[in-house]
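These notes open a run of structures that come right after.
Same chain, two partners: subunit A is paired with subunit B first, then with subunit C.
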Partner chain A sequence: MSTGFHIVVCGSLVPDPLQTLNPVQGANGPGLKNELMLPAVLDPFAAHSLYEAANLAKKMPGSKIWLVSLGNKAKLQQLMMTIAQKVAFELVPLDGPASGFTDSFEVAAALAAAIDKLANLDRSRLLLFGGCASASRDAGVTLQMVGERLGILDQFLAVDELKLQEDGSLRILERIEGGQYQVSACAGPPAVLAWATGNLPEPPNNPQIGMQNMRVIMPALQKAQPAPVAAPGVTFASVTLPAQQRQTRVVKDVPVEEIAKEIVAWIKE
Partner chain B sequence: MEKILFLAYTQDDGLLPKAALETLNAAIDLASKLQAPLSLGLIGDNVQAAADAIAGCGAQEFFAVEGPDFASSRYASDAAAAEALARRAGATLVLAPSVSRFARSLPGAALRLDGRIETHVCALDPGGDSLSIQRWYYRQRMIATLTRSQRPWFLLIDPGVFKPWEGQQGQATVDKVTVALPENARRTRFVGFEAPAADAQTIRPEAELLFVAGAGWTKKQADGQPHVKEAEKLIHDFITKAKASLGSSKSLVDQTCEGGEVISLLSHLNQVGQTGATPRHPKGLATCCHGEEPHTVGWRFINERRAVNLDGSCGWAIGKADVLYVADAFQVMAKVNELLGD
Partner chain C sequence: MDATCREKMEREFPSTLPGDDVRQIMWRYADRFDIQMAVQSARGLARGLIARLVADGQRNTHEWNPRKEELLTAFDETGLTTIFMDPEEGGFIEGPKNLALGLVAFELSWVDGGAATCSLASNLALSPIHEKGTPEQKLFYMSRCVPPQPGEERKIWRGAFALTEPLPYVGVDTGVVSGKMRIAEWPEGGEPILHIDKRGRFITNMDFANFVTAAVDSDDERIKGSCMIILEEDDPGLFDRGAPTLKMVHQLSSTRDPVLSLRVPASRIIGGYTVKDGVIIPNYNHGEVIESVFRRTRVPVGLMTSAKLVSAVEPIIRYQRSRFRGGAAGSPGSPRHDLGLQQKEDAVQRLAEVWASGEAGSSLGFAALRLLDEFDPVEREKERLLAEQGVAGARAQMKLFKKLEQEALEYLELAAHNEAGRENPRLQELAGNPLIRFLVLEAQANVLCPGCKLWNTGQGATMMREAVSLMGGYGITEDCPGFLFQKWTDAQLEATYEGPEAVQRRQLSITMTNELFLAQFRQWLQELRGVAATHPGIGAGAVATAMELWLSTLEFIRKSKDADGKPLFHSQRHGVVFPLADALCWLLACRYQILDVLELEQKGPENPVLAEGLAGFVTFFSDLAATQAGRAAGETARICAELVYGFGREGEQVPEQEEFSRLRQQLDLSLAGSRLAKDRAAEALTKITIPEILDYPI
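Right after this comes the complex of A and B.
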């Protein structure tokens, strides 16, 4: 009998959070100025889910991880230079825009179709991982739609913890309102887990894993299927940076007591 | 013509959460401006009390999916309930509060109806013939106004954007919609909630004030030593006395994972900013926070903002805070706590 999980992680690239972002209007809708030139990182929540997948796979021998990633092929290749050194996975690249302005419905369709075609994927052992929301569209809906297209009815959003129980069931903690967790018990895979940050630090780089991954990643990138997702039916009237710039009053060389009094008076207003 | 459905679930007390009443207000206003019929769809164990509480809202129809299977939050049952209610109402626009239960389940419901969904909606503009909405992209770094041709269009409305509905109670006639769950929809079981003890809870969405603690609290101070325990006490005392909610910058939270000496009050749940939350509070006080635009989105939705920082040109505060106090936060907060008393 096969053991371990088949973990499919959906995650793509986003501009490095430290970059300055400016929207521009292109022929096909809004985008980012110099988007292809911006340094990119693996979407932060998706990255956490990849690390959680690696941690889970380590505990469960026989597990396998796929990373399904929709983005510009050349940018994905750059991204893999860093990510591939951290976790062993098989890359399934889809060559298309990673823009936040594409429609999650279309993105989900492309991702689900790619997962559907994965050879040797055992659906009865499938855990579909990803971030609970991207740092680009930030809608938090794509993974649920991928799961729905794959017929998975056990779905969890903003997961911070997954524990395997002795009976094979899953105990899952999801972030909910007011700083609380919802605790759920799931009979087992297949399930969708859209991760928040989890509790793991970023794994250190391991050149051996990197070399092993890259042997598979480079041919996969060369064969990446085109996925020209867009946002049909959506009309963007405007995309702007927040214009509000506050006139900051700088208070300095003032005794601590006076500052404290002013703060307390303001709090009590 | 549009047909609007307002969706909500009932809390343990049988009533609707505040976020739902805010969305109800938005739905009523939208229905009025679009001259569209408004239906209500409620989900819960028993929804009659909630329906009665909003009976005077002017909705044409009340629908409900109720029963023990729908009492607690679970994707399979929530998505099935929402799908059934949207079908029954024949809705073209479905408005629901952006809360975890709907954030998890409505994308699937929208897909089943071949609809589309927008989340974190922060404005509705029914001007002209078509509805436009506003939402943020790239984690609150740019805002878009957009419209869609596809229907049904699900809209998850962010809490804190609209005022909660207030109005007459009454006796609502609720049309029950039957949903037969398949057995595989019960593979997930709600176990319960985990939360810190009431006196240890630091995240208070209803608080007037958000207190943001930055990484500076754990750095070496003037004497060349870090004073993490002292920082922890100052922060704890302040949020207790001021009944404030506690937020933190990413770097401070990351230290929890990295094994350094940490402020034990903080977890990833407290994190605000690019990879954290963007809570809505009337006031915000940031202390020892550093960084430029990407880091400051955590207090994008705070109305009045003040900051305490040793750096007079701090990018976190200049142009983003109303007042920047250039001072030692340890000294200032100790004095503030003293003035706040017990």
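Right after this comes the complex of A and C.
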């Protein structure tokens, strides 16, 4: 009997959050100024889920990881130069826009269709991973819809911890309000886990892993199917950045007690 | 709308700072995933751990400490330690690795030069073994320097390279070393045991090196000449790491003055030895080893300084734009608020100069490394062929090459005039001779490598001062974003170690007059004339004319005497040959800068990501190239004029000087447009989008 999980991670690229992001109206609807020129990173919550997947796969020999990404394939290739060094996975690229102005419904449909087509995927061992929300769209619904389409009804949102129990069941911590966790037990796969930050640091780059991954990633990128997710019929009345609220002071050498006092005073204001 | 106005409106600006897509094309590694990954690893480390160390004040101590030690583990974990190794030794890059190592040095030095040195120094220690070591030595030391793989119980080894000695011994002049070797024991029929005495000064990695590759000379009539030899920390005798160097720069590298007095088997002589009539003859003397090592390792050092210049652009733009924000005058939307200091022409023009110069250095450095990548296998093939033909020793080789030089010149001539695709049996015959290929490439490498080390670091240090000054008082503080002050002073070390400027100038003054180099240089001149015709705004015309002036000056000084009747051209006459070498470097840097812009223009359209922004980048980089070309042509004109007129007597003129004047006037005319290019580049700097904040801590 084969052991281990089949972990499918859904995650794509978002512009590096340190960049200046300016919404602009283009010919095909809204987008970000210079979007293609901006350096991209793996969507942060999805990235955490990928690292958790790698950690889990290490603990469960025989596991395998797929990374399903819907994004501009040239940008995906660039992103792989970092991400593919961190974790061993098979990339399933879908060539289409990864911007914040696509619709989660369509994106979920495209992702589910791609996962559906994966050869060698054992649904009974499937853990569907991804971020609880994308940094570009922040709808927080994509993974649930992918799960529904694949018929996976055990879904966990804003997960910070997954522990394997001795009986093979999964113990999962989901974020709920007030800094509390909801603790769930799940008999086992298939399940959807939409991750929050998890607990793991970013793995260091390891070019040996990277070189191995690239052998399959490059052909996959070359064959990437177009995934039109252009939200036809949707018009955006207006697009603005969230107003920035910064009340920052740069201070050095202030004792912790002083800082705490100041924060309390500020909260009381 | 008049024509100029329309042109102004249609002109595109670069939308953002150039990203990886642009650089991969310009520096030619778009199809090298191994290298792209190494770049990402180095960048992550530089802007993460390394920047954190600097921001935490770790540069304020001379001593190596546990925090700094974190660097070594990080290099191991992220694969930077193994970049130097071949796959069978545990590395991941096949074939020559010069470009890869240079890009890594560039990325690390983008944040901190000392960290870059720390990463390169182990390679420097291994280089003598890599270049000239016996197969056994290579396998033994290279594999020990590979970080242990998961599950492997083994300590990783690190090395140090010890050439420089305490005063009054080896410094710039490396010819005579005072480190000594004697035969301590020579068992009958067995391996001789040598006693080595070597004191080092300013030896990098010395805090933790497990082995040292040291230059020593014979102190025993039973050993002939000098060699480089491997000393290990557990060898019997004294392995004293010595006092730390109280350096004010590169504090994230370890430097000490070791005292080594050890007994080692003669098999540690790098490259092995033979015994003839009871005398040990090392296969390579220390000079031969060092020459092939430094040829390669000096170029990344040059790139380290160029990285600083390019890295300074973003923090300076941010400083300039935000200079007056939050003040009483200038509400959001006003030019004072949005542009800040960038309203002032001088501020942006000087920044354009800093960028142009960093760009030129980068282009020169990466071109030199690509050349070395091409050269490495050719050099090995040459060694194999010479061994096969029984050509041994420097003299025999020189004799053979003297003969081949004519054929190599013929090859260059035929290749230059061969229209594409035409069959030419003679050309094919010459092109098929690996030794000719070797001579042609070596002539280039012998100029490009010292040229890059000299110009990138020396002129780079000067330009870093400009960068610092653009930040005002902030520039000289510890918390200046981008660590500009540290970078400025670090540049001075980069101009010094691995051979200071005098060494590079000395080498250039010999290699730049090699006929094989000059023949190629003349072809480059013609090629730039062609570029000037198709790309009038890129500065190629000015560079070509300056190259012509340089050639005519060389010719002049080679046959002329000064007013006192002393010949002008002499390798010891530094006042003549050194400035001429400097001028050459300015021009070479421009040539490669222009070629990189052309590459971007040509290959950019193949990258779908670049489609929308390409025109802006090509225009901007052309403007920077033209800016730099104007500066370089001006510098060349000044240097050449001083050389051609400066050794004459007032009121007297020789006919050649008239010819020079004519050429110089052409050069002046060729400057047309170079200042307009600077105007445009500076304007672009007011428009370019930069990230909200710097991507590393301050």
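A few remarks follow.
In this section, the second predicted complex is superposed on the first by the 239 of 269 C-alpha atoms of A that agree within 3 Å, B and C clash if a C-alpha of one lies under 4 Å from a C-alpha of the other, contacts with A are read in each partner's own complex, and residues count from 1 in each chain.
The rule is simple: a contact is a pair of C-beta atoms (placed from the backbone, for glycine too) under 8 Å apart; a residue touches a chain by one contact, two chains touch by 3 or more.
Every value quoted in this text rests on a predicted model; they were computed, and no experiment measured them.
In the superposition on chain A, the chain among subunit B and subunit C reaching more residues of subunit A is B. In the superposed model, A:L18 makes contact with both subunit B and subunit C. By the document's definition of touching, of the two partners only subunit C reaches A:M214; subunit B does not. Legend: residue contacts after superposition of the two complexes on their common chain; A:S238 is shown touching subunit B, with no touch to subunit C. In the superposition on chain A, contact of A:M37 is made with subunit C only, not with subunit B.
Of the two partner chains placed by superposition, only subunit C is touched by A:N206; subunit B is not. Contact with neither subunit B nor subunit C is seen for A:P61 once the two complexes are overlaid on the shared chain. Overlap of the subunit B and subunit C contact sets on subunit A: residues 18, 20. The residues of subunit A lying in touch with subunit C in their complex are 16, 18-20, 22, 33-34, 36-39, 72, 74-75, 78, 81-82, 84-85, 204-208, 210-211, 214, 218. Touching subunit B in their complex are the following residues of subunit A: 15, 17-18, 20-21, 23, 30, 32, 44-45, 100-101, 103-105, 108, 135-142, 144-145, 147-149, 153-158, 160, 171, 173-188, 192, 196-197, 199-201, 233-242, 245-254, 256-257, 259-264, 266-267.
Here subunit B touches subunit A in the complex through residues 19, 73-76, 79, 99-101, 103-108, 110-112, 116-120, 132, 136-150, 184-185, 187-196, 201-205, 208-209, 242, 257-258, 268-271, 274-275, 283, 285, 292-294, 300, 304-306, 308, 312, 317-328, 331-332, 335-336, 338-340, going by the rule given at the top.
Looking at the complex, you find that subunit C touches subunit A at residues 15-16, 19-21, 33-34, 36-41, 44, 74, 77-79, 82, 92, 607-613, 689-693, 695.
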